[in-house]
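Alright, structures below, take your time with them.
Next come two complexes built around subunit A: one with subunit B, the other with subunit C.
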Partner chain A sequence: MLLHEFNPSIKALTVVVCVLVLSIFFDPVTPFLTLAVTAAATFIFGRVSFRRWILLFSPFIFMALIYIWSALVFSKAIEGETILWTWGIFTLTEESFQRALSLGMRVLSFTSLSLLFMLTTKPAEFLLSLMQQCRLPPKLAYGIMAGYRFLPLIKEEFDIIRNAHRIRGVPKARTLSEKLAELKRYAVPLLAGAIRKAERTAMAMESKGFTGDRNREFYHKISVSWKDWAFFAFFIAVVLASAYVSWLFGFLQLYNGKL
Partner chain B sequence: MALQRNHHFLKSEQLTFRHEGENKPVFQNVDFSLYPGEAVLLLGPSGCGKSTLAYCLNKLYPEAVDGKLDGAILYKGKMLEEFRPGEINQHIGIVFQDPESQFCMTTVEDELAFGLENMKTPPEEIGNKIDKALELVHLLPYKHAQIHTLSGGQKQKLALACVLSLKPEVLILDEPTANLDPASSYELTSIIRELKKDQSFSLVIIEHKLDDWIDLTDRCLVLNREGEILFNGSTADCFNKYAGELQAEGIWLPSSVKAGLLAKKAGIYKGKNLPLTEGELIAGLVNPNAALQILDNRKIPPPGLKEQIILSVKNLSFNKDGKELLKNISFSVKKGEFVAIAGSNGSGKTTLSRLLAGLYTPSNGDILYHDRHLSLWKEQDLRQRLGYVFQNPEHQFIADTVYDEIAFSLKIRRMPDADIKKMVQTSLQQVHLLQHADMHPFSLSQGQKRRLSVASMLVNEQELLLLDEPTFGQDANTARELMALMEEKIRRGGSVVMITHDMEILHSCADKVIVLSDGEKIYEGLPDDLWKKHEIMKIASLKVPYIEKLRNDIRRYGREGKVCSYMNLTQA
Partner chain C sequence: MLDKWKLREVIVLSVLAVVFAVVYLVFVQFGNVLYGMLGLIGYDLIFGIWFIVSIIAAYIIRKPGAAFLSETIAAAIEVMIGNAVGPRLILSGMIQGIGAEAVFAATKWNNYRTWVLIAAGMGSSVTSFIWGYFISGYAAFSPGYVTAMFFVRLISGALLAGLLGKWLSESLAKTGALSSFPIGKEIKRGKSDNGITA
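Let's look at the complex of A and B:
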């Protein structure tokens, strides 16, 4: 059983609901436990290599650290809180430390849930599922799919245009106004090219009888079975169980507008 | 083939199309019928509205653009407007020119499924239909492949399969081979020829290079520059009676017709009608062997070619994203030399040309321009002495008017305004763009854009000009003018390095040919010697030029005697 096999729409729903449920709680332990289970599931049932995962995850670690740091430095000590450490105008209390940690963990748990979805779902299948389960208009879905194919081409095109300008002996842009003029020079052919490509693709789609009609047949049927709902239930249970464990150890707090 | 003349099923009446806000119609008063099982060649100079007409027949236009279509198109007696959206596309299919922008899915299977789903094919039948369509174009092994990993030729075959899967009654081909190397293009035509035998569709073909198509077509419809019908009748009549007019309109002629026309002018062709095929040409020649010399347009190497080497490449390698795109390439370009680079799609030709232009940095090896490392040149000095013409002319336009486009590099050199004016005018005159001097470069026609892009590179009198497939998609007149400009350049002591798929250019203009395959140089030498190296020709997807084929056939003709050889030739 692989994570890839579950219905993409249900998977997306699971992530969204988990995030919402996690938002109710505000303590470091609940999101940490959820994070641990989610990451483990990604590695074991998603067959995602740790290297790839950490590469995408690490920017968020950095972000979480900044959150923690700023929450530490700029927090005000409230009367009656346990003071851990003071230095000049900075005061660190146990409570504010916990708040900062909760925020950081929250960011990371959200990230791990999103990564679980991203790394185990093919964009094309997600769009097919959105059309079949969520009534997403085919016009939009196939438009996105066609556009998705163009992304790498745009970078290529940009390089070509930059080279073409070099060939003409255009001096390197140094000042800001030169850079703006350069951007303008690139934008026209880039846009012209993009529009022409989009037009051609749209025509090619129409020539294959695409009308955007919502009533269409699907060769790849993306189905929903009890397994998908089991997946949904499992992850909600993981979040609730994390909260329960957190409560057992006396950490659990509800979010009431702190920070 | 006996045609059922009485049962046309696609018919246009007084068809006129205008883009919004333009008075001049793209094409006008086109009356045209298509009969079942017929193959029609749609000819015309570039910009005469061939593609537009094709899109109108398929009901893509006028909906896809702001334009107005007057007149009527009937399919099986029913007005096109009366069809439900998407319905007509099942009956009239089209394959477009650009292999890159006609797909919207990521895998071969999904792309085919897309069309069938659109037609509300029951899902359980789709799998079977996909397999059948892929088998027709010999792509079945690639069923689960990602589309972006396919070659240009394979992409065009896939596009064909997509259309065929819908079982159309009319198939429109809009320059399907324009972006392909000679061998892929030949393969595609062979597949269509094969299909035409077993399947009962009618064909409307838009093409520039006619040699592979000519025996397939029953009829020609020719549009002139104004978008009016110049000729509508049998293929034989078309080229017999109107070859001169066609040539004047800038329409490419089939090689045999062109050779026949030349031979007739020289008084060595005794046939009554111009030849459509090689067999007819040989049969009609008074003295085939003598005729070869007259027909051969191979340039005579100028006496005393200077031996000064201006560009030399030594053990050049280039890696990108861990892939070895070019391996250990060495060669040199002399002053006044025309070097052609050939090879199949994706063999590294464009990469090599970018390296030569100093746009990429070699991973290994040296490129010396005037005995100096490319990297040691000051950017501005280098650009004034080395020009590069991109495959897509639009990529290199940077000014807002045609005039400024040419003046641009002169202004960088800080020339006095009066001189600039004079030079720009001479240059524009040379490429017939003087009357368009105030237009925006993007609003020019395809051929005009190409000429402008070359002119902007010629104005600096660079000693070395690199060109990436400059004749691609151009009509005969533009291509001829372009080659004349190159000749002029060479005559004035410049050197030209040109990437091209066009074997006729290779034969008639090149002093030296370099053939690439998979990033390696597999041939360097005279074009004449290349034609004899069958192994290399095959690996690099090249084809022999017309005159060489003719020479071989005439030789065979001499050996086997008149009667049977004619039969063989027409079969071959």
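Let's look at the complex of A and C:
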């Protein structure tokens, strides 16, 4: 059984619900356990190589560190907490340290869940599933697919514009106003070209009989089975079990009931 | 909502979303640098850029749903081309889009003057901040810092989404590429305020 085989919409729903549930907890252990299980599932059932995974994951380690730093420096000290260290107006309590750590861990656990989705789902299948399971209007779904196909064309056009500027000897932007002018020099022709292409594409689609009717047939059918719901239930259970284990060892925190 | 849209408008909307999804991804890198230097508030400085497609799409297409859909699609495309924030980002996009859409809805999608565009950018700031408060645990930060973050984001939404979005849309209209949209006709007639030079 591979993670690629599950229904993309349900996979996305699972990730979003897990993220929402994880946001209730303010202790570092719950997100850490979820992160460990999710990463393991990605390697074993997603056949994702560790190298590829860590390449995408590592920027978020940096983000998590800064997050912890921000949460420590600008922490909210609550009376009656154990003070670890004071320096001028700066007070570090044990509880705020734990909260900071939990926010950093939270970033990482969210990332692991997202990578599980992204590394095992094809964009086109996700859109087909959104159309077939979530009633996304075909007009919009095929519009997005057409737009998605424009990406390489836009890249090509960007290179052309850059080369054209170079040949004509446009100097490198240094000051802020020059940078803004440079932004406009690129953005406006790129967008104008893209919009003209979009209008031509729409005309071509309509001339081939695309009406955007909801009652259309699909060549590539995407279905939902009990296995997909089992996948959903499994990951919600992972988050809840992580919270349970955290509670067993006395770490669980729900932000003291205050928001 | 989409039944009243022409296919042409839907595809233009998607293409705008694709272009700005790339811009958004580039700005994530830029945001990370500011974030590294200034901490969490670094993001808020440039947060407005992530609402710009709402303003541009609404200003060009002028139909209910343009602000909301463009932001949502841009987020979805960002996920597809590799923002590791993942499917949660689509939810963030929806929430940002709702903020701008609510402002346009309050004018019954009839008024696209500068102040409305600025208010729409600020609307996204407000909804995205409420969402961030929950999802990123701002509750753990001191109230003064959170308030500062909020105001920085509000100003960023007004300038980088509202004003920059208006300026880009009008520069675009001047090329003639938008001649079949209301904004293109406005520019042609010279009705729009001409504070901007082409």
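What we mean here is this: the second predicted complex is superposed on the first by the 220 of 259 C-alpha atoms of A that agree within 3 Å, B and C clash if a C-alpha of one lies under 4 Å from a C-alpha of the other, contacts with A are read in each partner's own complex, and residues count from 1 in each chain.
To be clear about the criterion, a contact is a pair of C-beta atoms (placed from the backbone, for glycine too) under 8 Å apart; a residue touches a chain by one contact, two chains touch by 3 or more.
Predicted, not measured: the structure shown is a model, and the values here were computed from it.
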Contacts of A:Ala192 with subunit B and subunit C, given as first, second, both or neither: both
Does the superposition put A:Ala241 against subunit B (first), subunit C (second), both, or neither? neither
Should A:Ala146 be classified as contacting the first partner (subunit B), the second (subunit C), both, or neither? both
In the overlaid three-chain picture, which partner chain does A:Ala202 touch, first (subunit B) or second (subunit C), both, or neither? both
So, A:Ile167: does it touch subunit B (first), subunit C (second), both, or neither? first
With the two structures laid over each other on chain A, which partner does A:Phe210 touch: subunit B (first), subunit C (second), both, or neither? both
Is A:Phe26 in contact with subunit B, with subunit C, with both, or with neither (first, second, both, neither)? second
So, A:Ala36: does it touch subunit B (first), subunit C (second), both, or neither? neither
Please work out whether A:Lys221 is in contact with subunit B alone, subunit C alone, both, or neither, and reply first, second, both or neither. first
More subunit A residues in contact - subunit B or subunit C: C
Show which residues of subunit A both subunit B and subunit C reach, each in its own complex. 146, 148, 188-189, 192-193, 197, 199, 201-203, 205-206, 210
Can you list the subunit B residues touching subunit A in their complex? 55, 58, 60, 63-64, 85-87, 89-90, 93-94, 96, 98, 100-106, 110, 113-123, 126-127, 147-148, 159, 162-163, 166, 354, 357, 359, 379-380, 383-384, 387-388, 390, 392, 394-398, 408-409, 412, 442, 456
In the complex, the residues of subunit A that touch subunit C are 12, 15-16, 19, 23, 26, 56-57, 59-60, 62-63, 66-67, 69-71, 73-77, 96, 99-100, 102-103, 106, 110-111, 113-115, 117-118, 123, 126, 137, 139-140, 143-144, 146-148, 150-151, 154, 184, 187-199, 201-203, 205-206, 210, 212, 255, 258-259
Quick one: in the complex, what on subunit A touches subunit B? 124, 142, 145-146, 148-149, 152-153, 160-161, 163-172, 185, 188-189, 192-193, 197, 199-211, 213, 215-221
Subunit A-facing residues of subunit C, complex: 2, 5-8, 10-19, 22, 32, 35-36, 39-40, 69, 73, 76-77, 79-82, 84-88, 90-91, 134-137, 139-143, 145, 168, 171-172, 175-178, 180
